[in-house]
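The letters A, B and C name the chains in turn, as written, and every chain counts its residues from 1.
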């Protein structure tokens, strides 16, 4: 893996020398990112089905490919081949724009994700801010799709989604801020480097927990999956979407899961650092372990009610996150003074 | 009254007849203010097949297969109830062994019905895994019952004067494995669900029906018992073997969704006890007494009540002296239980609607008949 | 014994408030109820009030059509005591019966069902309309004169209810 990343950066440099370094590295990076998004989503969907199956005393997909690994590809082909149904009373432009807008922002954060010491497309000094600001776009797209569908279930789902995302972004940001205070930088690579020796989860256990809870809510996954609660709202905001448009929502959800888990890994679990042989394998291992945890939660708990969810965010998570942030700032000031 | 043009900010939502959580073809016309319910009108009858009319067109024996098709989750209990009703009206004797077998099957059917309800209810609340656990257990149960009844859902196993066939070894072995497994699984269910804080928050204090309201609304079965009234037809008007069997009637105190949930889980435990006792005391002998091919009650009317998985089933048979009854009314528990919905829902949220509807445990083909 | 005492008490109360009624003994072990009370349409609400005040529950309402007017049947019981009363009354063709759904909420849907199946009208019912059959059905299937399968094949139903 180290060899590969060396090779990639070597290759990148070789071609860059030929065409101009910045543009090429970016293009190459984006191509790799797109590739990675597809493969990652495919793997995650397969993993989700396998995890769910084994938690539920089932076997899960096993017919297509070894261990059913190719099942997702087959499903993907099915989704691509399906007819794109556009119901009569929708507002067409917004309806089509919804899935596109939900998918576009999830690609960009990959630019700043620090997979390894050398494996990062761009180390921006506002990397963390970029991720959070793009995360905010997601909710706009959902609102657009839900509103444009002209369906009451979709509308209710969209309303829920907006309220939920607005509420949960605050503790998410606040808990990330306490890490930023510790690290003294917004750069993703800088945050990982600041965790030399001790991971931030040991300094910031409360923030870490808040971040993980908020992240599950932010990705609309059970027990916080109220925007698409299938037993209440049929399919929530994407009730009217079919075929590839639905697949884009799906792809975005799994990619989002990867992003929030990556951010959690970077902020709290030392990123690509490990006990031995630092490198991208540690990063991926931690990310997928976190995602496994998220899946485990999903297949264990029932769903919260809408108002309970909001109460939880506004009455507990946000005050705790605020106090935590204040204390962090105070301690840092005192330590700095001493 | 629901059709008036809306001038305020409320809107109508048609929940059903095709919806994941209406348990069949129930149609709730909701008037919503945001997510809060202002008005609710249940619209039923989508699966009306005219069973009562059919009963007036054929002899009592010919109607027997219909009984399993009203409440498809309690088909054996409906079989049992119908046979008991006809046997009492026509004076047909049943050999003791047959009655024991019937009680075993009926109680197993009750467990199966409650298991399916448990799974579906958690599915309503967004917990998918318990649903598959419950179906795993129910699968064992259906396999056991299939050994003697030959079917899985719409049983037609009871006969006037007994049952279709005797127990076999596979049934007894299967049951021996099932009972301890079910006990272990019940403990798991309590760990996984009843002690889960999210579940408790979703069901405690939701859909509260106090005892007086429950009685006035015609509740019966676990719904009524959850409100604290220990009314169970098996105790109030004992039939079959129930006077000899030792079992408890679980009740709740608050009449909320959580109590209805707990009462049903406890009933699974009690049904297991009944099955064990019946198996232990199972006498030898015939399983089918001779009975007329088309039993004919004397002119008059006969009401027989039975405790099914959802509550009191009343079979009201009016005979004019012929082989075909003059009238056969099926009073089904879900019908009354559901009718309380319009008064229970206003003021709750959409998510509560699902929690409340699920906790009432309606089976639409039973209501629609 | 207790059951008999409470029944006796009820009898006295009914005689007091609704005038004397005709009680017919029945064989509970055979037909499931202990007494039949036959009464006229006008006294039904009075009787229902007394029964409700004494804590009886209404189990269900149904009707029997023997070809000469309808026979409405109400079953009341006291859950704990284990006895049941059958209250029966006859209505002539087209004669409405009083609704008791303000006294017993459970009667609301029960009366709708009787209306749906037999065409029996109930005066004072807040929303008497079909419940199991489609709103535009033009027949009452449990009536004596109804013949299934003639002109009512179900195809013409407009399932849009309004």
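We take it that a residue touches a chain if its C-beta (ideal position, glycine included) is under 8 Å from a C-beta of that chain, and two chains touch if they have at least 3 such contacts.
Since the structure is predicted, the reported quantities are computational estimates derived from the model, not experimental observations.
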### Task
Count the C-beta pairs in contact for A-B and for B-C, then report the pair with the higher count.
B-C
#### Entry: Chain centroid nearest the full-protein CA centroid
B
### Centre-to-centre distance between subunit C and subunit A (centres being mean Cα positions), rounded to whole Å
62
### Query
How many angstrom lie between the CA centroids of subunit A and subunit B, rounded to a whole number?
45
### Task
Calculate how many whole Å lie between the centre of subunit B and the centre of subunit C, each centre taken as the average of the chain's C-alpha atoms.
24
### Task
Pull out every residue in subunit C that's touching 2 or more other chains.
none
### Message
So in the complex, the part of subunit B that touches subunit A is made up of which residues?
### Response
11, 13, 19-21, 34-35, 122-129, 132-133, 136, 192-193, 196, 198-199, 201-202, 349-354
### Summary
Touching subunit B in the complex, subunit A uses residues 52, 55-58, 152-153, 156, 159-160, 222-223, 225-226, 229-234, 299-308
### Query
Which residues of subunit B touch subunit C in their complex?
1, 3, 43-45, 48, 50, 52-53, 56-57, 88-89, 215-218, 229, 231, 236-237, 300-305, 312, 314, 316, 318, 320, 326-327, 329, 331, 335-336, 339-340, 343, 368-369
### Task
Flag every residue of subunit C that touches subunit B in the complex, lowest number first.
30-33, 52, 57-60, 62, 64-66, 73, 75, 79-80, 82, 84, 86, 104-106, 108-110, 113, 117, 127, 130-134, 141-142, 146, 148, 161-162
